[in-house]
Amino acid sequence: MNHLYKPTLMKIEQIKEETSDVKTFRLVFLDPLLKETFQFKAGQFAEISVFGEGEATFCIASSPTWHGFIECSVKRAGKVTQALHQMDVGDTVGFRGPYGNHFPVEEMRKKDLVFVAGGIGLAPLRSLIWNCLYSRDQFGKITILYGARSVADLVYKEELKTWETRHDTYFIKTVDPGGETNDWDGKIGFVPLVMRDLDINPQNAYAIVCGPPVMIKFTVQGLDAMGFSPEKIITTLEMKMKCGLGKCGRCNIGHTYVCKDGPVFSFAEIQAMPAEF
Amino acid sequence: MMDDLKTRLKEMLTSGAIGMVIGYGQKEIYMADGSREYRTCPVFLSRDTEIDRLVWNRHCVQNLVTYLTKEEYKESGKIALMVKPCDLKAIHVLEQEKQIDRKRLFIIGLTCKGVMAEKMGIDEGHLAGKCIKCLDSSGKSSAVCTPDEADIVIETLPDGDMPPKGKDISSDLEGFEKMPSEKRWAFWQNQFLKCLRCYACRSACPMCYCEQCICDMSRPQWIDKSPHLKGNFLFHIVRAFHLTGRCVGCGECERVCPMGIPLMLINQKMIDTVKDLYGYESGKDPEQAPLLSQFKMDDDQSFIK
Amino acid sequence: MQTTIETDIKQVETMNKQISKKAIDAIISELTEGCQIFAPVVQDGIKLYKQIESPEQINWGHGNCHRSLKELFFPITEPVFSFRQTRKGIQIETPGNHNKKRVVIGARPCDCNALSITDKVFKWDYEDELYLSFRENTLIIGVSCIQPEPFCFCTALNLSPFDETGSDILLTETGKGIYHANIITEKGVALFERFKEHFTEASPDQSARKDAMLKDIVSKMPAPFPMQDIKTWLDKNFDHPVWEEIALGCIGCGTCTYLCPTCHCFDITDESRGYAGERLRNWDSCAFGHFTQMPAHQPRPLQWQRFRQRVMHKFKYYIDRFSRLACVGCGRCRSLCPAGKDTVEVIQTLQKQIDLAETGPKTNKKG
């Protein structure tokens, strides 16, 4: 019997150590047909499993415009993530997905985009950023503000360099005070504070925010002060999930199933939810 | 006596000397046949106007000590707690294990002559198994809360005639131990197959206060979380071991089990074993060192095989 | 709010028949050949739905099983697949026991009705084949409650102890050993057609007697609660201070959720040994702290927040999502709560809050 909880198999093709506790896994479907035909949208997530250890929820961090593989960035935090960190290239994992809604890419066309990310929160935005850069001419000004606790905690370091050197993106990196190194050439300061000094025009723009809850809170306050309407501030919510299918009942915020109705929400939608996340 | 207590508690609540009274009260419940019944249950009173709800009767079964270590009640200021002599033992263990601050507690010591057995939400019509041995020939509890231990002692006894005695846990255990091992094995398989892992036994136990229970741990995952026979056996064995030398025999785990699993058989066995081997009775004295943190050169070591 | 629900179950125009206890037993005996029969069985003082071999094992006594009917479709623990690491890679095998034909006899109307609630969750958008295949392959013969249990309150939620929803055939004992049989669905008709000779037409007399019985039972049971008003209050009062008070005493076990016929939350976990293992789906409960615990974040850290979640889910969230409330009034949570918490009392407390909001605080002196 085929059923919803039966995963398809994927092979680990590449493992990249991003930080001391984050690794990015490049995964390829064992089934050649699926490898060719698999599609998803930026912002969607998947249930990745290590057989014998269990399943965990990860956003797909690669761009939907890349074909033949997907990438997920995994921060070592629990049982499954620890097991994933111990795996090698060539090992097999289980995959269920893609699940959830996605970033409103269509609505974002012709608009300015402001990406604000903290730490591993860059993972879902990375998918969207590359998605937008793929058809760069269809979007307005693209600003990317990325911060982490320290230089060592920055993920996708090579890609950050690419964004920094590209002429069609305005990229700012920052680390929290004390997290800098001697040769650090970025800013020093918390993301929401650094954001204040940026040249951002809320007219005809979307802000896409992802990071630790406290960063999101102050960033959203800052964006609000700049004049962004809550409908134009987009974030993805992280809740504990098991099924990803709107059945197991643990990601609910009020009657909203984060796994089905989300994980991407506008700040306006979040304001309408009970404050329980 | 109850009136004096109520007056005193009202004063203490008004003056702020205590923040909450956790005691027994009655509530009216809606029955399917249209009648109203009164059910004795724990009440949490923080207004002086509510104090008159307090009662002391034979249905005051629940061990209220269990609430003392729960997060929600830690912020309530000083707590006045209604405590039966047998429940007092649980307070002693928590004191031994440095889980409660005696100064934050106002103990209302009850004088007892037995409470009713309750199983799967139903009054069984006889005394609780733990009471039989405790009661002396006059039907009064041999264990008392002394003024040394309690801040106030209520000498009022629960009303009414002596209910039938029912069976004592020790005689249940004796009968059980006479069964051949295959039968005992089959018995527990049958019992643990029913276990839902609702953890009512754990939640109701005054000694199960761990912030993270070993049964919920995932790194490493010591115990199968699934409620299949193997996982359930593991859970109940680990539970028994963790309560050895700590269980005071209040019987709450068995009372609350929605599947009626006779957990006191296991607990009583452990209680008897530590008493036989080490002469140790948990909860007897808050000053004594916990069983598993003492060592004597002449300790019985026959359990090491 | 509670009345009509759209399901895929093919209702037919209800046929009113009559059948004797003896004939039912004969049908069961015949059905044991070729299909699994489940019925209430009492063992060690506990009544549970169990597989039976012969009709004598059935407990026809009044009252519900201690665990609800949901476990036959959504088992307490169930392997969703087993896996094995081999030289050829990982082999996955899904369970093969879902296509057996099953008959449940003796389920109470509240339990049967609750299935129409869990159906919605397991069916919306993604279809859960594990649950739905059990549902599809199972025929349910419900039995009306002619003597409700002390803690029952289905009538308070506008349901009936003779409710047909969820049963394929509903039996009502109208005389000693005589049952009125409502044939409700296509599945029910199929069974009726197969065993036609055991049924007779229900006399108008008997149907009238059944109606009179129902009227009498319902007249004694609790009157409907204003659930719509409660929903309206819940819509606005997530942050109301009464929640902390309502939850006092809850010890945080999973008894209410596990015994509840409509609670459907679950966990997915792996168990393995060496190169082989299983992925299992187990019941889980919003009453447990670890239910929503993430490595660095806990949205519901305190017990009263978890208690609120359960009440909200039953009486608000589920309605918002699936247009009906997620409680059938079986009373299990009331009768078996270790701390004497009572769902009816919760509803009444909320009702008091509504009155209080309407009339102002002066009229409600505490004490």
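Order of writing sets the chain letters: A, B and C. Residues in each chain are counted from 1.
Just so it is clear, contacts are C-beta pairs under 8 Å (C-beta built on N, C-alpha and C of every residue); 3 or more make two chains touch, one makes a residue touch a chain.
Note that this is a predicted model, so its numbers are computed, not measured.
Chemist: For subunit A, which other chain has the most distant CA centre?
Modeler: Result for max centroid distance from subunit A is chain B.
Chemist: Counting C-beta pairs in contact, does A-B beat A-C or the other way around?
Modeler: Counting C-beta pairs in contact, A-C comes out ahead.
Chemist: Could you tell me which chain's Cα centre is nearest to the average position of every protein Cα atom shown?
Modeler: The chain sitting closest to the overall C-alpha centre is C.
Chemist: Just the number, please: Cα centre separation of subunit B and subunit C in whole Å.
Modeler: Whole-Å distance between the two chain centres: 32.
Chemist: Suppose each chain is reduced to the average of its Cα coordinates; what separation in Å results between subunit A and subunit B?
Modeler: 49
Chemist: Distance-wise, how many Å sit between the C-alpha centres of subunit A and subunit C, to the nearest whole number?
Modeler: 39
Chemist: Note the residues in subunit C that touch 2 or more other chains, in rising order.
Modeler: 267, 269, 271
Chemist: Which positions in subunit A are in touch with at least two other chains?
Modeler: Expected reply: 78.
Chemist: Mind pulling up the subunit A residues that touch subunit B in the complex?
Modeler: Going by the criterion above, the answer is residues 78-79, 82.
Chemist: Spell out the part of subunit B that touches subunit A in their complex, as residue ranges.
Modeler: 218-219, 221
Chemist: Which residues of subunit C touch subunit B in the complex?
Modeler: Interface residues on subunit C, with respect to subunit B: 44-46, 48, 66-67, 76-77, 148-153, 156, 220-222, 247-249, 251-255, 257-259, 267, 269, 271, 280, 282-283, 285, 288, 290, 301-304, 331, 334-340, 342, 344-345, 348, 365-367.
Chemist: In their complex, what parts of subunit C are in touch with subunit A?
Modeler: Against subunit A, subunit C makes touches at 80-81, 83, 85, 89-90, 92, 94-96, 98-99, 121-122, 124-130, 133, 238-239, 264-272, 277, 279, 281, 284, 286, 291-297, 299-300, 305, 309, 312-313, 316-318, 320-321.
Chemist: So in the complex, which bits of subunit B are touching subunit C?
Modeler: Within the complex, subunit B contacts subunit C at residues 27, 29-34, 37, 39-44, 47, 49-50, 52, 62, 66-67, 70-72, 119-122, 190-191, 194, 196-200, 202-204, 216, 224-228, 231, 252, 255-256, 258-260.
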